[in-house]
Every structure is written in structure tokens, then in C-alpha cells.
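Heads up, the next two complexes both have chain A, just with different partners, chain B and then chain C.
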Partner chain A sequence: MTVATWARRHVLSTEDWSRDEIELVLENTSAMTEVLSRPVRRAPPLRGRTVVLFFAEASTRTRVSFELAAKALSADVVNISAAGSSVEKGETLLDTVRTLDALGGDVIVMRHSASGAPYFVAARTTAAVINAGDGWHAHPTQGLLDAYTLRAALGDLAGRRIVVVGDVLHSRVARSDIHTLVPLGASITLSGPPTLMPSAWRCGALPPGVTYEPDLDRALDGAAAVIALRLQRERAESGLLPSLREYARTWGLNEARVARMRPDAPVMHPGPMNEGIEIEASVAHGARSLIAAQVTNGVAVRMALLYLLAGHPS
Partner chain B sequence: MSILLTADDVRRAITRIAHEIVERERDFSQLAIVGVRARGDMLATRLRDALRATCGREVPLGLLDITLYRDDLTRIGYSPTVHRTDIPFPVDDRVVILVDDVLFTGRTVRAAMDALLDYGRPRAIRLAVLVDRGHRELPIRADFVGKNIATALGDDVRVRLVESDGRDEVELAQKVPA
Partner chain C sequence: MVLPARADLERRGLLVVPGFVDLHAHLREPGFEDSETIATGARAALRGGFTTVCAMPNTEPPIDSAGLVAELMAKGAAADAARVLPIACITRGRRGADLADLVELARAGAVAFSDDGSPVSDSRLFRSALEYAQVAGRVVIEHPQDVSLSGNGVMHEGAASAGLGLPGMPAAAEETAVARDLALARLTGARLHLTHLSTRTAIELVRQAKADGLAVTADVTPHHLALTDEWVSGSRRFAWEGSEEDARQGAAIPYDPNTKVNPPLRTRADVEACWAGLRDGTIDAIATDHAPHASIRKEVEYQDAAFGISGLETALPLMLAGVSAGRAPLETVLRALSEAPRRILGLADTGDWIAIDRDAEWTVDALELGSKGKNTPLLGRRLTGRVVIAVVNGKVRYDAGASAAFA
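Here is the complex of A and B:
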């Protein structure tokens, strides 16, 4: 039995994580899925702790997932959303942080449209901070839940090639998937329109373990899994795409494309989906789809992180 | 440093506990064994095997991880890894024999009972331990004891089992007088 250690106070990005840290979270996630399968879906470790959910950018599923996770560990949960709060009245992020700190939350879970905002908050609070998505930068809990879901379906990820298709340029999910799956031994093939790829990556200066193949059919040939990214409809209006219809034809997942992968290779999507654009309904709800499992596993991953942060001796 | 139980003593203790269980628990159909991770689950497995050898009955076995139920989360007991609990049977109306290696303050047993009760309502919970070393901080006692040992509070009782440590023995490491 390996003696695991955990020294992090915050979860801001998995970019600088060791493989051991990722493995510890995945192992604890497995124990948390067991808690969620019990008749009483609740364990007591965070009794008396307060988890503040500070979502300055719209989100339903991630916020609800964190709320269920915190409650399953018996924490108290406080919700602060940008709409209808002092943020809308012009309060600065610094003032919001001071207020959150004074309220005495033990963990702040935050989503913000500005990349790096959770780092700003982490440097100015006594609470532990979990990044629930910041701008285009990172969404570490999504990367971890995708890793857990893929492991559960495929076993060891060593040597497995996983396709990530879509708007990589604006996607914190794509970045966090890379930063979590590559250390576990997987390789990533990015696909999607060149206009929606970071320019350095499009020009061949890719991170280790990552390649770019604009032709989705070629990317999918023999792949172990595919993750489709959400396409924001405004990308077509801003001139990065000719039209949504053309995107769906060229980079949308349909039955014929999915069949190019290995037999039973799973299909994933971080949600919310634009069915008929980046993914056909028959694929999204088909036999290969792990999209429902992603949602379930998301709660368990967030429980694992809340336990590690709130349980850590301060 | 002294050896309290040899490999042979450990084997005999488990066999004796199995016989005591057979004597005291008449209704085997409702019996179940649940071991507390990490070494309690190994002892529970051996106890299950001993019961099979003693009376030919198969008693269901579960493994309990109590990390999420500890009362010292932010104190010395913080353990970052949470292992899976595996109780593959309904505990409702069963007589559950909880198995651990050492009974000391009673806090682990308290946590284990809380965890077990989240799975249902057993008819009764009994406690079997390899070693009872005294110094309880909670009103808890064992129903089946391999060996009672008088210890000083600062002593260290180390249980080694083949499955995790390569050999069976229980050792008492006495606190060095200041």
C-alpha cells in the first residue's frame, strides 16, 4: 500500500500536478462513488464546514454538482451568483473576496469569466479555493472527471489515443483534459477548425503528448475515445466559422464517424450539448455515450477534492 | 520490545473466536462479518475462513473504510486516501460482527459503528478484536477478544499480518521512560 501525501491548499489547475496527485484524487473518487451508491448518500467528514459556491458566470450543472458533492460530505453550502448579487452592482472582485473571507467559508468554489481570477482570490483568502472554470484557462474538475470516466471504461490509459474535437482555442475543458490525461499516459489528438485552434498549436508547437489533425475522420481512425467540445453559437457570428451547418458537417460527431474508432470506444461531452451541431442525438444518447456517467462521476470527483482540501490540517 | 503474540498465537486466537461465535450466535443465517480497513479486513477474512472450517457455514463478508467517519479529520489522524467500502449484502436485521486488530481508545469502533449504521439497521453489532490493550476513551467493549494486554498509555502495539507485513505477530513497543 503506497502512503499518499497531499500538500495542496487550492485546486486551480492540474497543469503542475504530479501523476501521484492525480492518482490520489482518482482513487478517492472511487471511494466516493461508493458513498453515492448507498441508501443514505451522505458521510460526515465536512460537518461544520462551509463551502461557498461563487459563480460569477452562468452555470447550472457544475454548480449543482459541487452543491451535491458538498452536501454528500455534510458541509453547509452558501450560493453566491453574479446575477442579483453585489457583483452586478459594481463590486470589485477584491471586495467580493474580502466579504467571502469575512463570512468564514472554509472552501470557495468559483467560476469566473476572467482567466486567472481564482489565482487572484487564492492569494487573498484564508479559504481553500477550487477553480470551477476560469475563462479559457482551466476547468480542473472536468479534466479529473473525464480521466476517471475514461479509466472506468478503458482501464489503464497508457498508450491510449483520445480525440478532443471542437473549439479548442476557447476551451478550458480541452486544456484541463490535456493536463490530466497526458500524465496518465494517454496521447491526445486535437481536431477542429484551424481558426479555433491556438495559433502556436496549429503551427506545430504542441505540448508533449498532443497532436493536431484537422481532418476528423483521420483523427478518429483507431482512436480509443472521443471528447466533443461545446461549440458556442456566437463563434459563427464572429467570423471564425462560415456557418454552424458547415461545422456540423465537417466536425460534428455522427454514427459513421464514431464507427471509425475502435469497437466500443466511448463518446464524451462536457455538456451542455448542442445536439445536431457538435454531436448527433443518436450518438449523444447511443450505446457508446458516457455522457450520463460523466455527470455522475463529476459529483464523486468534487467530493474527493473537497475532502482533500477541507480535511487537510491547516 | 517484546512479542505478545506469535504467528501460532494469532492463528489460535482466530480459531477460538470462531468457536465462541458459533457458541453464542445461534442463528447463523443472519450472521455477517465486517472488517475495518486496513488490518481488520484481513482478520475478518481469516475469521470467515475459520467459521467455514468450524461449522461449514458461509458467512457473508464486508470491508469497511472509516476514513470519512473519523473524529480527528484535521488532527493527527488525517489520511488523504479514502478506500472503498465494500459491503455486498443488506445489513438490515443481521447480526454484524465488526472485526478490528487492536481495541484502544474505542474511537475507531465508534466511527465504524456510525459508518455501518449508514448502510441500514442491523439487529445487533458485536465486536471482535485480536488485541484489547485498554485505555478506552468511549464506553465501548469487545464481545470477542483474542488477547487482553495491559499496556501503558504511551506504548505502541504493532500488529503484523502476513497479508500486509509478510509475517504474523503482535509486538509491544514500550514507551522509553523520559
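Here is the complex of A and C:
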């Protein structure tokens, strides 16, 4: 079915990917799910390879997911985190890249608070770079795991309308969901406060396949799925929101709102959740929730990418 | 060296014109000599055809005393390159709190006043500056920006910033400042020069103000006439190149910190408005806002990089490319680079001149640039048009080596 062959050196964003490339990753993810279901969850394709986890911004979930993925493929894993490392002592990103490159890792998985930082690193290293989240820009493995999870629940995404609600302006998840789900045939309805929407998108210059509907009830009517974004509490303090309470009442997912979607339409969230703000606990842990499946599938997606970038030819 | 005869040079196909005057450049000395010195900046100016260059006072210390003005002029003279003219601060220490001694600064040799980079946000103080500068006989050069609105933005706020996930500076941050500045110019009747205008509405506001008879002038930079915010996303298409396929150069890696500049690179509609303003005289002058930076301040994450483009040496070929693309007549561009800035600053004609080879192709190479600032998104690019000779005060102060061939 898929004609694409893998030719990428890095995974920085899916924005410029073809549908075939996305399909190829999803197919490999499916194979990795099988590996993870074995009694011994380990396969050899990255034996002798070194995966460097460079997390310059705090993250436990994504880092652990990558670590499990790398280890399931028999790679050696090295952790470099911001806290306590030279990054915190004022070492520049340029210094860090030079060091990482000299150390000779095969794959650098990086999380960074600055949009575009993975491009900076990729241009200066011989290793393959996987973006594990850069600023507000992209989180391609989240987009791919969301696509995989939605495919597993809904089948073909062609013609399906998926709502993404919350702080789109500051969300790398929203951007990567757009750039992964739209090529697979889905359309996206963004919802959330106008102050947390990129102004160009609010004023009509939206990416292809994307619309904006500030009224969440209207956005959810007949939708195929909803993805709620994490709301950073400091948004209310910076003048972008009147209060968290008002946000929860206007854009929080609750039982009544979720019922406006198609029957069995799933609810997703990239985590970590602020229960009671962007999502009520009963929805987060209810029958429609795929939030646990997202976490499980995340490991398989990351295995697929590590395999495609650094796996030994079999 | 023998002064070549202008007629000979013209006979050989060179364009011989009055030397350019840059009314807005950052020469970084004192304080930031790793980015530029007066000597390297004055030499870079000559290579770009600027026989006179005005140095902005945002140095460390800022140029806010007669002694500092005199020191800067002495260093400029010693450089034996382009004429270096100091612009002094409007406010003491550029702090925006109280006026510098403007009359004394003018007597010492300051040709204009500006707190460039830090607009005077206190409207009452800016009113005083406009009124008081009249007795000093010098123009106030204002960098229009409402910093509370531009906030922590690092590029133009629009479709490109939305896609890249970078905080934006809305066009309105420039436009509200221009509107305030024009209102104060109207109130005081004073001369005002607005520098590096970059948005369609800002230019429209100036057009109306001029129609109303206000004593306001304005400039635009070569990069705002040639590049767009798509360059931050990696496009290397000049504003006059129709589609990505027409572009002579393919896309680059996104987030190049050399595209980070304030005011930011804007949209195509804004660029077209800049050219329209230049054509109809709303925009008087072209100024480089040459902002050299040592690589340590540029080879970092986009959001942390310093603002600025090193522009003295690429201004001429960019403007010639715009002329070739039909954006403005050659005479308009040349006037905006020489006669207009002289008029704005009230400078006498010194008779300095340059010879240009309009057909010379060259590649922008960090090692070849005279400026210490290699921070230009044009690095590696083939450009057409180069200065071969620059004559200052009756002497050849720059010779690209080609003059021998013409002798």
C-alpha cells in the first residue's frame, strides 16, 4: 500500500512531510506495537547504537517514553537533562551541540523551550535529530501518536472533523496535530479563547484543512473526536485570560459538552492534565477517553522513528 | 594614488554618482568593539558606496556628552575612510527620563538626536525633545515602536510567526507609535524624522501628514524593501520574485537568526507599500540600519539572538535588483541614498563621489565583508552591482582594485 521509502535524516516537524511518509511511520508503529506485546519486550535493530536524550526543558513523560522506546530496540541510552547539567550553568546551545557531536551519539532526541532549536542542532551534527518538542513550534511524535491513536479508534480519518481546544497560540501539540491529521484526510476545528489563538489564524489566514470556532459547543456538534490542550496556569496572570474559572466554564471539557459529539467520539489530551480546568475528571477517565492509549502508543511511535532513522538494515 | 577622471570611468561603463550618505548605522564603538569599530564600520561603509555614515549613539557608554561626541569624531577622522558623523542621544544615558544637553551636543558636532532602539515612550518628554531640538538646529530621529505592544516578539506577527511558533510583533506596534509621533510633530510644529518605517499603515500615516504640511521626513531600509517575513521560515525569495519557483535561490533552513531584525521583516504587501512610498516621495531616504553583531550574539536560539542585519555592503546591490525588477527608477533610489539624507540632516554637499560597476557579480562571503558583522541572511548569495572607487574629500579612499584596469 505504501510506496514511500524513508529518506529523512531528521524528524523536526511533519509540516513538510508527504502523506506516504506519515503512513510509513504509522505502519512501522503497528509493527512496534506487536514487539511491545511480546513477553520480552525487546528487539535488536538498534544494538550498538547510542541514543542521546537531551532535554533542556523539564519533561518526564516524553523523556521516559523515548527511553523505553530506545531500550526496547536495544539501543544504549544517555540522558542529558537541563537540571544540574552545564546547560543550567550558562553553556550555550552551540557548545552543547559541539560536545554532543564529538561524543558521537547516533540519535539526539531533544526537547527545548526555544522554537526552532532542533534546526540549529540538526545543522551542526552528524547525528539524526528527533524533535521531542520545541517551544510553541512542533512536537512531531505527539502528532504521529495522536494520528495512530485516532486511526485505531476511528479507522480512516478521511472526512473526519477533529476539534482541538485550548491554548493553540502556545501549543506545539496543536501545530503538529494539524500537520499530521490534515494530510491523512481529517479536518481540524480549533476552539479556545481568541487571546490564545495566533492572530493570523483568527483573522482567516488559516492553514489548509483548519477552521476556527470560538464557541466550543458549536465546535463539538457532530465532531469525530476532541483533543484538549494543556492550559498553562500563568496565562491567566499575563492578561490573556480573565481567570482559570472562566476558562474552565467556557472551554473546559465536561460530560454535557462531550455528548454533543458523535456517539463514541473519543477524547484525547497530550498530558499532563489540569483536571477541573481544561477537562473534568469524569471525562478524562471516562469511557470515551483514549488518554491512556495515547501514552502506550507513544512508545511504539517513537520506536518506529528510531528504527527508521538508525535501525540496522535487516 | 592619482585621482581618476570621472569622464574616463563613465566612458568605461561605470556609473559615477554622488557618494551615499547613511543616516542610520551602528558602529558599536565604544563598548561593543567585538561587533564593529568605527574604523571597520567606516571602511565597510565605503565599500558599500557610503562616503558619509552617521553613527547611532546606543553604545556603551551612550553618546550623550560633548566629550564623547568629540572622541567619536576624532576616531572617525583617524579611520581615513568614510566620513563619520555622530548622532547623539535625545535623553541622558538613553534612559528616556530627562533630556541630554542638546545644544552643547550640537555644538560639539552631533548631526542629529536619537534614542534609536529605545523609543522615547514618555510622550511629554518626547514633546519637549521635539521643541527643544529646534534651538539646537538638529533633527530628531525617532525609532517608532510601542514596546508594550511589541512585547517579547521576535518577528513580524502574521501567518509566518503563527506557523513557526515564534512570538510576534504586530504591525500596530509601529503604527501606534508613528501616529503618536506625528501628533506631537503637529502639536510642536517641529522637524521630525521617522526611521526604518516598515508597515503599509505607517507609510500611509506619513503620507497624510506630509499632505497636511507637517515637517516630517522618513526613511526605509534596503532589507525592508527586499525581504519578507517568509525569510524567517526559510524562503530566500526577494519580494519582487513572483513565486517560490521564480526565486533564484532555493529555501534555507528556517529560524536563521540573521533574519531577526527590529523592526521585523514584514509581509509582501508592506514591502510593496515601502516601494510605493519611495516612488511618491512619502519615503525620502534609504538608510541601512547597519547593525553588526559578533557571532556569539547571533549563533544562538532564534528567540535569544540579537536584533539586527549587517547592511552597509549589501544595500547597493539589493536596491539595484529592485530597480531591475521595476520597483523604482534608478534616479529615485540614488537620490534617496545621497541627496535626500543630506537634506534631512542639513549637510552641505562635500563633492564626494563613487563609481559603480552595475554588472559586477559577486558572492556575499563572510570572509570578504569589510564589516566585523557577518550577520546577513544574504550570506552565500550572488548579487549584482559593486562599488569600485570611492572618493572622499578629493582623495581615493577605496579602490576595489579594478581602477588599474580602467587607467
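To be clear about the criterion, the second predicted complex is superposed on the first by the 307 of 314 C-alpha atoms of A that agree within 3 Å, B and C clash if a C-alpha of one lies under 4 Å from a C-alpha of the other, contacts with A are read in each partner's own complex, and residues count from 1 in each chain.
The rule is short, and it goes like this: a residue touches a chain if its C-beta (ideal position, glycine included) is under 8 Å from a C-beta of that chain, and two chains touch if they have at least 3 such contacts.
Keep in mind that this is a model prediction, so the values were computed, not measured.
Judged by the touch definition given at the top, the superposed model places A:94 against chain C, while chain B stays out of reach.
In the superposed model, A:6 lies in contact with chain B only, and not with chain C. In the superposed model, A:199 lies in contact with chain C only, and not with chain B.
Of the two partner chains placed around the shared chain by superposition, neither chain B nor chain C is touched by A:230. Shared-chain residue A:63: touches no atom of chain B or chain C.
Once chain A of one complex is fitted onto chain A of the other, the partner contacts of A:116 are limited to chain C, with no touch recorded for chain B. In the superposed pair of complexes, A:160 makes contact with neither chain B nor chain C.
Legend: residue contacts after superposition of the two complexes on their common chain; A:151 is shown touching neither chain B nor chain C.
Residue contacts after overlaying the shared chain place A:139 against neither chain B nor chain C. When the two complexes are superposed on chain A, none of the residues of chain A touches both chain B and chain C.
Note for the complex: chain B touches chain A at residues 38, 65, 67-70, 73-75, 78, 80-86, 114-115, 118-120, 164. Within the complex, the chain A residues that touch chain C are 15, 92-94, 112, 114-117, 119-120, 123, 134-138, 172, 175, 198-201, 205, 207. Chain contact summary for the complex, chain A toward chain B: residues 1, 4-6, 24, 27-28, 30-32, 34-35, 38-40, 42-45, 73, 304, 307-308, 311-314. Residues 157-159, 161-166, 168, 170, 253-255, 296, 299-304 of chain C are the ones touching chain A in the complex.
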